[in-house]
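Chains here go by letter, A, B and C, matching the order in which they are written, and residues are numbered from 1 within each.
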Amino acid sequence: MTRESLNGKLISVRDLHVEFRGRHFTARALEGVGYDVGTGETVCLVGESGCGKTVSALSILGLLPSPPAFVTGGEILFKGEDLLPKDEGEFQAVRGNQISMIFQEPMTSLNPVFTIGDQIKEAILAHEEISDRELEARCVSLLKDVGIPSPKDRMRDYPHQLSGGQRQRAMIAMALACNPDLIIADEPTTALDVTVQVQILKLFQKIQKERALSILYITHDLGVVAQIADRIFVMYAGIIAEQGSAREIFHSPRHPYTMGLLASLPARTRRGQRLYSVPGAVPDPSNKPPGCPFHPRCNFTQESCARNFPGVCDWGDGHLARCPVLYKNPELIP
Amino acid sequence: MLSFMGRSVVQKIVTLFFVSVLSFLIIHLAPGEPSQADPLNPKFTPEMVERFRKAFHLDKPLHIQYLYFYKNLFTGNLASWKDNQPVLPKIWERFLNSLPLFIVGTLITWTLSFPVGIRSAIRRGGAYDRTTTFLSYLLISIPGFFFAYILIILVVNSLHVPVIGMETFGMSGASFIRMIMDRVWHLLLPSVLAATGGIAILSRYVRSQMLEVEGQDYVRTARAKGLPAEQVHYKHALRNALLPFVTMFGLILPGLIGGSVIIESIFSWPGMGRMAYEAILARDYPIILTVNFISAVLVLAGTFVSDVLYMVVDPRIRL
Amino acid sequence: MAENTYRVPPREGPDFQAPSAPRKGRFEMAWEQLKDNKLALLGMAIFGIFFIVALAGLLLTSGTDPVLDPALIRLQEKLLPPLSKPHLEALTPEEVPELGIYLFGTDNLGRDVFARMLQGAWVSLTVGFVAVGLAVIIGIFLGGVAGYFGEKNIRRDQVGAAVVFLAGWVFLGASWFASGWAMIGLGLLYLVLASPLIHRRVLEKKGRPSGAAGLALGNALTMDTLIMRFVDVMLCFPSFFLILTVVALLPASIYNIMIVIGLTSWMGSARFVRAEFLSLREQDFVTAARALGVSDWRIIFRHMIPNAVAPVLVSATIGIATAILTEAGLSFLGFGVPPPHATWGNILSDGKSYIFDAPWLTFLPGTAILIVVLSFNLFGEGLRDVLNPKLRER
């Protein structure tokens, strides 16, 4: 189910550099990361834990704790305006209002001492003037939209009284409360059962269709990506390794890391064989290898990989990959 | 909820029983005799000693003594060995003296600790935080009596106000306002002294609780919703951080007795702490045991109140 | 283009390094982190100095003819301020202070305060360490048993035998020697011999018999409940009051004070250890050890206690500080180590009548106590930050 990517991106992260400074080390979490999401589009940011996907998302909303995090370069254009120079007050107008974020652990992301109704109403009241009756009605309709049964009763429940799936739905309702243009979902289904996961994904697709919003979906699960992505950005150790439409990435990956990820998916055709896994481990952000950060684990590595930081190679149609080796020697591609 | 409370009360009564037995044993098994019953004491003739022993059942076996003691306690017949006055009214009188000290001290402690601790947490590492941290360490480490004397010297030399005792001699004839002021001056120093130690400890605890809560996911969610900073800190974070303190509130109760022997000694304040101290010196067993018993009751009652408050305040706990 | 004030210039420095060195051991890492905390280091340093001073004090002031005599009374020299010179014409040669001046002045009996402070240092040190050492040992033992063996049930007959055993001691205390020893003996024999026999022959083979015997052999309470109730009982006693009571009733001696403080401050450690054990017990490494057949005691000592020790260590350091303050308080009230042995508390206590005339008698010991206690508190807090896994930097 591919959609055409629309021109005129809603949000565009460009050349973002973020570092974390500790007393004895500096971790370069993001080194020139760039991605964008168009109106009505679903973009997936894929990568293993520690590659920097959450850091980039948090920096969109100015939620990085600083210290120890510092933005050292780049810009984030939202509706034409750079978000990075905004101060706390200006960010508050954007958060929840134009851009909403949903987090990974619904168990701990909701305040345990307030009812979910209160928390959703709070999200609305932060940005709009609205009467009590309207507030109540809107809250109920939001909960209905996200598929929570008996919303009037559930509103008065506390988070610990709901199941994991319901809590995540409540978080989604909270995120939708002010009709944002963009929703950033940071691994929203990772902590949930697989069956619940499917339901939540369907919910995302439904609300996107109904409200024509854009979704930036962060995950490490390629199965999820296959279901909902229009375009994919693959991240590794603080850089974007490859980007392109979902079809292109799945059928013709052009970066060794992407190939490794896809190869490690259990596929029915390779039944009975050992699962492939990319050898080695993700590098410590404060201690990355010189040149291409992936080269120690790469099957196609050459001498130049250890010396030169890989530049962006254009494969056409919006498909870009940071692997000059494969670009110059396409016969190596399996 | 009621069944839990019922079970809890029963458990506490059992604990109380063991406390009473244990304290009784400790007192009576210690070597030495109360002065009035000591055959070696030259002030009392042997007949007086014998009469004393009979009157207070000291010749009977321990468990009989135990029963007599508690029977007397609960019927209000218990008499002090020093002056044969009934114990409970004596304790009550001293308790009323200790009460203002306790109330003012606790009030100062609790009202100041929270703003200090919260502000330290929100601006962690800043100048305010570092100063209050330093002061806290200092106040925790200074011996109470030393600090008391420093304060006394300072206050007496610079402000020339009387500080010892509850009121100045001969004040009863003066006007009402002057009497009140006099009382206030006398109350001030010991309460401040009692409070400073408490503030040092409590504010640190408030700070660490606040810091821990600020690191929680739901605080991040609150910020991500676009809530203004005050709402994030004072509504979302604080409400959770305060939970353990509501329970601590119940535990202030035992402080009534804990009082401070030292502070009351220095300021010659005729309170419960001093009474306990004098009773220990004179081996006045009834008073010692009664104070101990009351203290145990307060501790258990305080714990009970804490548990109930916790259930009320935290929606996750509904038994 | 707006001025990019929000962007911070990238930091220079090593980022492409050689592969990391082999990982450091746990203690090395802890030590590294501790070094970063300047205040904790200061605390340790002060403690080191204190230790040396106390040791020196012990050596210099004890014995019948000490180098610095803390007990020598010179009434003609009383209440001299610090750094004052002795009036040589009024003193016999033995009475002249070793150092040539009264470094810290003299007290109301003309005794050299410097010598007394040195003597008192050792008292403070030993009281702190021994009392807390005792408390920690008791706490770890009881907390560990409660945490690990918590579910072991105690039968009613066992409870009965234990009561008989304890009552025997009470009887001994009341000077009823014959019945006392008899009860102790009976209780002990029952617990050690008869009880396991009953368990093996009767309960394991045939299950619980019916009737009165069955009732007597039923479960009374769990080990955990027993120990925790005991902790609750102990917590009902206001601590300073209890210490004061016991110390006042017993003959005054430094050992009594140490033991009493130790016996009344173990409850916190016990709770910490129990909590840690309860959570550690569920962890996989314990299950794995059990599956390999490792004995219970070995698991406790070799595997669990090292992991549970962290909060105990922190509370022990702070406990030493509290013990020193308590001892000072007791001395101040007149219940400390008996005179003429000096402790910092009783120097202060002696000096309180002369507070306006001889303030050094108050300030010197007070400040000394403050500095030592502060150093322990700082070190303890530093330890807490280091040992807290949540606050670790990486």
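Assume contacts are C-beta pairs under 8 Å (C-beta built on N, C-alpha and C of every residue); 3 or more make two chains touch, one makes a residue touch a chain.
Not measured: the values here are computed from a predicted model.
Centrality by Cα centroid goes to chain C.
Taking each chain's centre as the mean of its C-alpha atoms, the one that lies farthest from the centre of chain C is A. Of all chain pairs, the one linked by the largest number of contacting C-beta pairs is B-C.
Centre-to-centre separation of chain A and chain C, using mean CA positions: 52 Å. Our note on geometry: chain A versus chain B, Cα centroid distance of 55 Å, whole angstroms. Taking each chain's centre as the average of its CA atoms, chain B and chain C sit 23 Å apart.
Residues 170, 173-174, 229, 232-233, 235-238, 240-241, 244-246, 248-251, 321, 325, 328-329, 332-333, 345, 348, 352, 355-356, 359, 362, 365-367, 369-370, 373-374, 377-378, 381, 390 of chain C touch chain B in their complex.
Interface residues of chain B, counted against chain A in their complex, comprise 216-218, 220-229, 231, 236, 239-240, 243, 314-316.
Only residues 14-16, 18-19, 22-23, 25-27, 29-32, 61-62, 137-138, 140-146, 149-150, 152-153, 212, 254, 257-258, 261-262, 265, 276-277, 280-281, 283, 288, 291-292, 295-296, 299-300 of chain B touch chain C when the two sit together in their complex. Within the complex formed with chain B, the residues of chain A that make contact are 61, 63, 88, 91-97, 100-101, 103, 105, 108-114, 122-123, 126-127, 158, 160, 171, 174.
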